[in-house]
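Each structure below appears as structure tokens.
Each of the two complexes below includes chain A, the first together with chain B, the second together with chain C.
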Partner chain A sequence: MSSRCHDCVGVALALGLAVAMAALTASCEREERDTKAPPESQISVSSVALSPLQPGEASAPPGGSHRSIEENAFNLAQGKQLYTWFNCSGCHAHGGGDIGPALMDDQWLYGSEIENVYATIVQGRPNGMPSFRNRIPDQQVWQIAAYVRSMSGLTPATASPSRSDEMQNKPAEQSMPRQEPKDTHP
Partner chain B sequence: MRRLSGSGVVVALVLLGGCQGVQSALDPAGDQAGGIAGLFWLFLGVLGAIYLLVLVLLVGALLGLRQRAATERRLTGLLTAWAGGTTIIILGLTAFSYGTDARITRLGDDAELTIEVTAKQFWWQVKYVEPQPSRSFETANEVYLPVGVPVRFILKSQDVIHSFWIPNLHGKTDLIPGRVNETSITARRAGVYRGQCAEFCGFQHAHMALDAVAVPAPEFEAWRESRLKPAPTPTPEDQLRSEGLQVFLTSPCVMCHTIRGTSASSRVGPDLTHVAGRRTIAAGALPYSRGNLGGWIVNPQSIKPGSQMPDIQLEPDQLQALLAYLDSLT
Partner chain C sequence: MRGKPVWSIGLIAMLMVGAGVAKAQVTVTAPASAAPADDGNWVMPAKNYASTRYSELDQINSQNVSGLRVEFTFSTGLVRGHEAAPLVADGTMYIVTPFPNYVFALDLTKPGAPVKWKYEPKPVSAAQGVACCDFVNRGAALADGRLFFNTLDNRTIALDAASGAELWKTSLGDINKGETMTMAPLVVKGKVLVGNSGGEFGVRGWLTALDAASGKIAWRAWHTGPDSDVLIGPDYQPFYDKEKGKDLGVATWPPNQWEIGGGTAWGWISYDPDVNLIYYGTANPGPWNPEQRPGDNKWTGGIFARNPDTGQARWFYQVVPHDLYDHDGINELILLDMPVGAPGDAPGNRQTRKVLVRPERNGYVYVIDRTSGEVLSADPFAYINSTAGVDLKTGDIHYVDAKQPVMGQVVRDICPTAPGAKDWNPSAFSPRTGLIYIPHMNVCMDWESQEANYIAGTPYVGANVRMFAGPGGNRGELSAWDPVKRAKAWSIKEDLPLWSGALATAGDVVFYGTMEGWFKAVDARSGAELWRFKAGSGIIGQPITYRGPDGRQYVAVLSGVGGWAGAVVAGDLDTRDPTAAKGFAGAVPDLKERTNKGGMLYVFALP
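Up next is the complex of A and B:
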């Protein structure tokens, strides 16, 4: 009788261990790297509002679905690489701004939501910002837009890039204190 | 017995047959690889002979062939001779190894040609460097080498550590970000050899190959002259290719690629000035053909997932025009 009970305890222990192991390994799942453009990310630029103010009842603010792009470390790292390759740094430097506005502060002339940044890159803006329509594939524009938001600490620190290839004169995106955008809280 | 030795010869031939090929360190086609292969055969011969000797002695001991009782003095003498022989052989092999290494290193001293190779995820940027800038030019994923001429390679990396390895011509040299490494190659036998990144560098490490083409010196000069020329502008009568050029200049292509002779001059991706003259596309992932190029342009992320070439959305007419233009860039 006692030996049978011994067996019960052993089996229960083994089962408990197996469950614990399964729970632990489930959390080891790697972040998905989507190297193909997700078709559902297509939005028309004309649907992006430049102002949060609307007459009548406010419709849903821009954002929501596209926020998931910037929760992915791969997308932010790609955006960071493309930011240099496509010469964004030529005007905006590495965030501090030069002949283009700074991107690491809390000022957003054309909106701080990722859709706003996307529209700014695709449409261009007066006084110098070129339009990259048909020049940068959609998925890459989203990646760059997400990275631009990470420069002022608006993306999750768990996904933001932690180091730069060039000399660092500011905290890495990951440790950048969040600059609460001024435009959305007038 | 005869049948046994016959099959032994066949097995040896089959094994040695595996040493031939476009990517084999045991089929040397240059001075450096020759030195290394010589070392390999020397080590294999000496160490193989010792291994056989040990086996023979072991079998002898197991069968009890030697019945005489060994004296203490005899044993001491044998052990001393064995230890002495081992020391001499190890020192000898070390000397050969150092000697070969020093000789191979000096082979690059009188290099007449300099090629700068920059490794990127996942392709090779190749620049033929001349003191006169107008004589310098860039290509990708291929190196042409004149037979019998020592060539210096300057090795750099843009992103992570890669390794430059053309087994038929030389051993590996790492390409390290922020550092400049050098190696040299003197090809002795004309032919096409395959180079391969030999340091795991990410998603498409296996598809990071390099064609090394060794040709006689006059042929090399002709190749170099042809590569120095910019891409010809399509004549206005050639509507399809003119449209193709326009597609290239107004689509995402222009963000990353250079075609000398046009306004496309970005240096993110491979220089495409003579893309149709290359043996492969996408760093050896596909042999060059118009069809493969079309597949690569619209769907690179299925052929080489994780490469930096994005899927490009083009209308079928645009794609055909673009292909007609790119295919004319020989």
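Up next is the complex of A and C:
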């Protein structure tokens, strides 16, 4: 019993160390700052489909390849700040919506992938979403897009913002229950 | 707040019904020149230039109103907030809808009132992105066989009322600066008076007069900037010293801030033909965060009297200098002639004065001499803790220090809230009771100022706001206000905020709607509920009444929840974020369970 217990402790210690190391490594990466903007060639907004309906043989759904951006806490924290600074909050509040639609729910008028959100910010949308093309640096658009996904819990909790600088309105993004996206077009 | 039985909502608080109700009020009247004898039509949202929203029709009265039933309905096919008043002239009803601002003419001479014509202005869709508080429209105006209305994308359009043919359209603003138009025009002496919206976008406010025949701009008065732009000249004779000085529209702002300083005009205009002055209010300064605009911020948050021919200002009274709470000064101005004296004065000591009565966003009923701009009284009609009265000698309002917004701090429990004790939704006045029927709110807020960045065409606010019910928990109230006694005669507490207009009739019935969809008739003298009807969607429109081609009296109202108060339903907002809809979501987290979207006209009559 006692020897087994010693073993247990040993294993537990080793496991704990491994977990701590992994967490440390992860938390190092989660803070990593990529000072270089993604090259423009990485995405052309015209490659982003607004509709999942594709005539003919179905191909892989577009988007999703830029998700690594939102695995980084620095990007999401920047995105959160920029979301206020560029007046996104003026129209979408802190996710509940206002002039524009809510961003913390499971409904995505123009697609839920980070590429869709990026394209929406850059292109604008006909019912009132302004086009921010050439108004916001590309890297910052990606950071805002990543943050927008964090509002409904779609980004990894290890990277999502854990607190807000402003008045407490709702749980921080890290604590938001994941809202499974429904790419609906009502 | 939730799960209250419906029948407990309409609790009637009989506050001060005295024996004198019937006899004391005959002395309060609307000037005959501004409120002429009733012809049974309803050609402007306020009914007349005095803005009484009172009809002399009395077929429907407090004795028989309980028999009111639906005569016909009409779907607008739209799901945004329907704030407009239907208009009626000579057997036709006219409705202007929220964006995309359809105009429908309904033929009242035929059974079921079929569509006579429909006009589609096709405003640009992007305009929806710069409309602060839903894509509403507050109505049209009829004059000389023409119908005038505004589109969300800043066009004023004149139609031939008989055919719906477009006579002219004039483009007046730019959505890329955040401008929209939502107000109902007023036609005075061949001029169509219109103003812009966009106080949450750093626009520069104005009122513009268009020639009713041609659509050409006759004059434009800006509400910030140099006197030459504001149309302040030799005619200008304000009552208070604080309104005097050169180019105050520049001097009371940080450098160049006036260029994006707000002061729009999206509410109501009244007109007194005897003194030839129009009266209207200017909206909030921008941004909401007051620390970014030290100074009085003229000419925002006040009331202008102007000559309609030239636009020249006669007087101005700034109700809220250096506004702290988004308290637009655009509410209705009811023109009355009434005895004015100190409280307790014998009636014989009172003089009859030409006044305008303004139930203000900040929670006071202002009685102002409309010839001079002197404030005669300012009494609270709702719970207030952010100000402590108005100094009638100087015209100054006393702000309470502890409730002033400070950047980086959450200032809690400010009453009334940003949309005020009362927003745009207009009151009615009955000369039979001498009472003003004020549909209003009881909502407070927490406010955190933040630095606002000006980016043209995007919101310029700089505040996080969350709202909640005020003391007592009822979020709405209909108050019958006695302007002579300067007190409430009675009031009805409503669970949800009141966002509909009121209508008073010679049948001693007052009509109003709730955001849950109840359309109610109450006794004008006692407030006792006489009748109610549940509409398909919450009511935020303005009820009217008219005499139909068959000689019967009808009552009409648009249902269709929305506007700032109903944005959580109209825009499918997520109320888990109480700051949604600029904080209104916090006050109405239950609204989505209580009503649904959908624009529908209801017209009622006795069998």
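Heads up, the rule we're going with is that the second predicted complex is superposed on the first by the 149 of 186 C-alpha atoms of A that agree within 3 Å, B and C clash if a C-alpha of one lies under 4 Å from a C-alpha of the other, contacts with A are read in each partner's own complex, and residues count from 1 in each chain.
The rule we apply is simple: a contact is a pair of C-beta atoms (placed from the backbone, for glycine too) under 8 Å apart; a residue touches a chain by one contact, two chains touch by 3 or more.
Keep in mind that this is a model prediction, so the values were computed, not measured.
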*Considering only the touch criterion stated at the top, classify A:Gly128 as touching first (chain B), second (chain C), both, or neither.*
second
*Which holds for A:Ser175: it touches chain B only (first), chain C only (second), both, or neither?*
neither
*Contact breadth on chain A, by residue count: chain C or chain B*: C
*asked:* Contact-wise, after the overlay, does A:Trp85 reach chain B, chain C, both or neither (first, second, both, neither)?
replied: both
*Report for A:Gln140: first if it touches chain B alone, second if chain C alone, otherwise both or neither.*
first
_Touching partner for A:Arg33 - first (chain B), second (chain C), both, neither_ = first
*Could you look at A:Ser162 and tell me whether it touches chain B, chain C, both or neither (first, second, both, neither)?*
neither
_Is A:Ser68 touching anything from chain B or chain C once the two structures are fitted on A? First, second, both or neither._
neither
*Determine, under the contact definition given at the top, whether A:Ser51 touches first (chain B), second (chain C), both, or neither.*
neither
*chain B and chain C footprints on chain A, overlapping residues*: 85-86, 135
*Which residues, counting only chain A, touch chain C once they are in their complex?*
84-87, 90-91, 93-102, 104-105, 107, 124, 126-130, 135, 166-167, 169-170
_Partner chain A, residues of chain B touching it in the complex_ = 177, 250-252, 254-256, 266, 268, 301-302, 305-306, 310-313
*asked:* Could you list, by residue number, the parts of chain C that touch chain A in their complex?
replied: 125-132, 200, 410, 446, 448, 450, 452-453, 455, 457-461, 464, 466, 567, 571-582, 585
*Hey, which residues of chain A end up touching chain B in the complex?*
33, 35-37, 85-86, 134-137, 139-140, 165
